Amino acid sequence: MIKDILGETSDNSGLFGKDFLLTWEKKVNELEKILLIAEKLISLREKNISSRLFDSGLAISIFRDNSTRTRFSFASAANFLGLEIQDLDESKSQIAHGETVRETANMISFLAEMIGIRDDIFLGEGDKYMRAFGSALQDGFDNGVLSVRPGIINLQSDIDHPTQSMADLLHLKKHFGSLEALKGKKIAMTWAYSPSYGKPLSVPQGIIGLMTRFGMDVTLAYPEGYNLIAGVEDRAASQAENSGSTFIRSGSMEEAFSDADIVYPKSWAPFSVMEERTKLLKRSDMKGLKELEKKSLDNNKKFIEWECNDKMMSLTKGGDALYMHCLPADISGVSCERGEVSAEVFEKYRLDTYREAGFKPYIIAAMMVANRFDDPLSILREVEKKSKKRVGI
Amino acid sequence: MIKDILGETSDNSGLFGKDFLLTWEKKVNELEKILLIAEKLISLREKNISSRLFDSGLAISIFRDNSTRTRFSFASAANFLGLEIQDLDESKSQIAHGETVRETANMISFLAEMIGIRDDIFLGEGDKYMRAFGSALQDGFDNGVLSVRPGIINLQSDIDHPTQSMADLLHLKKHFGSLEALKGKKIAMTWAYSPSYGKPLSVPQGIIGLMTRFGMDVTLAYPEGYNLIAGVEDRAASQAENSGSTFIRSGSMEEAFSDADIVYPKSWAPFSVMEERTKLLKRSDMKGLKELEKKSLDNNKKFIEWECNDKMMSLTKGGDALYMHCLPADISGVSCERGEVSAEVFEKYRLDTYREAGFKPYIIAAMMVANRFDDPLSILREVEKKSKKRVGI
Amino acid sequence: MIKDILGETSDNSGLFGKDFLLTWEKKVNELEKILLIAEKLISLREKNISSRLFDSGLAISIFRDNSTRTRFSFASAANFLGLEIQDLDESKSQIAHGETVRETANMISFLAEMIGIRDDIFLGEGDKYMRAFGSALQDGFDNGVLSVRPGIINLQSDIDHPTQSMADLLHLKKHFGSLEALKGKKIAMTWAYSPSYGKPLSVPQGIIGLMTRFGMDVTLAYPEGYNLIAGVEDRAASQAENSGSTFIRSGSMEEAFSDADIVYPKSWAPFSVMEERTKLLKRSDMKGLKELEKKSLDNNKKFIEWECNDKMMSLTKGGDALYMHCLPADISGVSCERGEVSAEVFEKYRLDTYREAGFKPYIIAAMMVANRFDDPLSILREVEKKSKKRVGI
């Protein structure tokens, strides 16, 4: 099953004209380039220079799961470059089996430039769907149906959440001064307690799949049974080896937090629960889902001590590790009785997490620019030279 | 009743400043102009030239029925010209009786340029609604409420589906090389079996109402009881006479396919069923609707042999007629057990049907340009001369 | 309670960089400036000059209540200036308690320029929510989360409806020739019968809160029990005193209409009913709401004679006062059996009310320009000098 999921991987190496589905399909220097483009775009905005690279064109979003943050990030990125957002509301359509994906992909894309897809509900489905969508677009392009091959950006799949992890990486680069400075830093990607159930695995998978490539010592900690997709964990291990860092699996939040420079405590559902849930969802077994929910919440409760609080933070390097979260966090005493993080810790790092989130629109815009332009940094230099005002005349 | 429907016709002759509701309200040379504009727009996009003719302005879409293809076609067309799409979601409004249409039409249009309406559910209503909407806009414009009279484009009514039929015509023009080449070609517009019910009549009506004006020999075939609006059938007959071609009504799919150059097999509900359904819908008679559905589906089943398959295709000219469909098609063994077309035939022509659909955004954009600019081809020549890049700087 | 509501008032004086929540937070000359900007924008559009002041940026709308008119006005205004509309659909988000408002405000605003909020359902909530939203944005801006502090425009709160009242003021300015000409004119803001219930107080409050500052003699008339927020009535009284005009409260529609130059008959719910309704809504007490509705409608019926009809109009100055309404009006014999206005009176002034509504997009656009540009009139003069075509090339 796991092999199956990763086995889907089609070749997306490179940036120009290539879909962005998993960070580990890209080379390290390509990922670095995305960061540089994003930073350039931030600087252009700060200088009030318009970065409208498109005079027309659609950026289509397909959200198969609710979203505010990513929806607005995608919309912001598209608009920033001159693309108009058009949402495909599947409740008004009928995307179902292979045939229809193939058809719909083409039908909506005649004047599209970029397509963002969130599909993280069904384990073993999201990444598959994005690749099927991409194949359909390629087929349409190769056969003269589409005059442009729109690029796809993964806005969260069952496997990876690259716009999140890349925004996180940019946040770390800014925070520590450089990518170089991240080498040897310890990041604790840990499970945390939440009174909710069925949270996707894509964030922790995205973090361990990305940070192990930048020389960071990654500790992944979770209670027994809360493992991620095995293939992703294994990949993280081998990547760490290649980058001269370490990847440690642990069953203790304390161990993970010990001497950590960065902590990323976040809840997720166990892989096996997600597998079972996927099966139940597929046959709309409401009773089964209810039971699974109850069982899962009960199981979660055994690990209610997995909370990022002052005591836990005191274990980190100088008691002062950088706290990260993709938001929204389950904050004890604020959004729930007991959650992932204490109110005190969250409040201390609240603005940091906001700034972390603030990189996402630029990361998405950078992925768009890199998909569409062969030499993105040089075209942005031209944009800067032209210096058209973004606001004002 | 039928007279009533066609009797609604207000004068929409001409293109500049005129709504586009029925192709037969336009002269043949006006329709040809729409094709030329569309082709010019395609060529501009292929040359990466921006065809932004509007620096601001809204293109409002009103969909009183679900839509993916047409929704995206309208959005694409608007964006391509620089207009922003704004959808009027009637569930958040209350368009009902005459009074309110008059008011709403004005209230949403203060800064609108174009309005696209799909209203194909109620027989005898859609076209009427569009004309009421147009009158309201005209009234507002004449009385200084609106400084621009937005143009209306019929995105499918109970009578016609001009953006579809014109896209189909452009597809034929491209396929056969010229409009001239279409003269004397036989097109079979035939009913086909579908396990669904209540499909609108607008596509077959649009096809026979348009193709008979371009010298094509049109055969309209359907099982007994599946007739279209009589006035439209009659009009097709007289138009064929005027253009020196033929319009034949037949009760046999085989006869229609025999020696055809083009086949367009597509399901629709019988006129009388649509009439009854309209009445039931209006009084929300759910039980009556259920019964009608059952009765209709049972009746459909009598004609399950009306399928476009290899055997049927072998009757066409050289066994190799061009298959057309407005999509989505009911494909036997793919989207249903038995449907309009066999999987083999559909797959052979699949890319053709995608390309056919691909003309729709440009046809809509052409209708917009023709509505707003007195001499659309000359302004597009200026656009080409200016050669502003669409993508890039 | 009332003190509480008005006590919320944070300092929004000034235009540049300031939220527009209540007209009485702005100086008279600032309000006059908004009108001048709106008039300039109208003139630019009439001259086909593009007023695109933004090359990118989002204008986010948050509608916590249904809307067509204001939704399209906001969208039109944003698009007219070059901003793209992005709607925050809270059903796909979870804005609830303080914590989340703070977070959501920042999360959606990374590339936003303007935010329009309608929140008029809960008495004591709407204005509060907008201020909480504004504080969150300010906090994010001050702490480097947001590089731009988006401006907020009140699209209707529980207290004021400034885009409506300012559009009304511009309508009056145009109708009577100048603001100067409004001095000493009598406007009757009166309750009127409606067979509906729970209509917000913001329009009458907005009118008495604004017109008393421009030297108009304002008579506010309503049946016993239909009073507005006391603080707003009191403010109107003191404002009238300051501007050398009068503010009269009356229990008689006839008295209000007598010798009036302008009449604004419109239904609203009594303050106490709105208070009770708010409590019931908050605890989702459906039975209580049903009972309150019945009681309220029964009470309304006692005042069915409060209808703006020919007889009532004959009392006005020369029998020819200007009739105003924010639309949609409850028109007797058209949209209901008995309503706010007779069909005859409404029809006579129908186009006037449409023109009145037509100022709203420009008022909103003017508020946006004034929020973003230090010297808005001078930048619009530059726009005019540049004379980029809005339509055409």
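Chains: A, B and C, in written order; residue numbering restarts at 1 for each.
We take it that a contact is a pair of C-beta atoms (placed from the backbone, for glycine too) under 8 Å apart; a residue touches a chain by one contact, two chains touch by 3 or more.
Computed from a predicted structure; not experimentally measured.
Two copies of one chain, subunit B and subunit C, touch each other, and the residues they use overlap weakly: the shared fraction of interface numbers falls below half. Here the C-alpha atoms of subunit A line up with those of subunit C after a rotation of 120°, rounded in steps of 5.
Measuring from the averaged C-alpha position of subunit B to that of subunit C gives a distance of 41 Å. Residues of subunit C in contact with two or more other chains: 84.
Across the interface of their complex, subunit C is touched by residues 45-46, 50-52, 66-69, 71-73, 75-77, 79-82, 84-85, 327-328, 331, 334-335, 351, 354-355, 357-358, 360-361, 388-393 of subunit A.
Residues 53-58, 60, 84, 86, 88, 92-94, 97, 99-100, 103-104, 106-108, 110-113, 140, 143-147, 372-373, 379, 382-383, 386 of subunit A touch subunit B in their complex.
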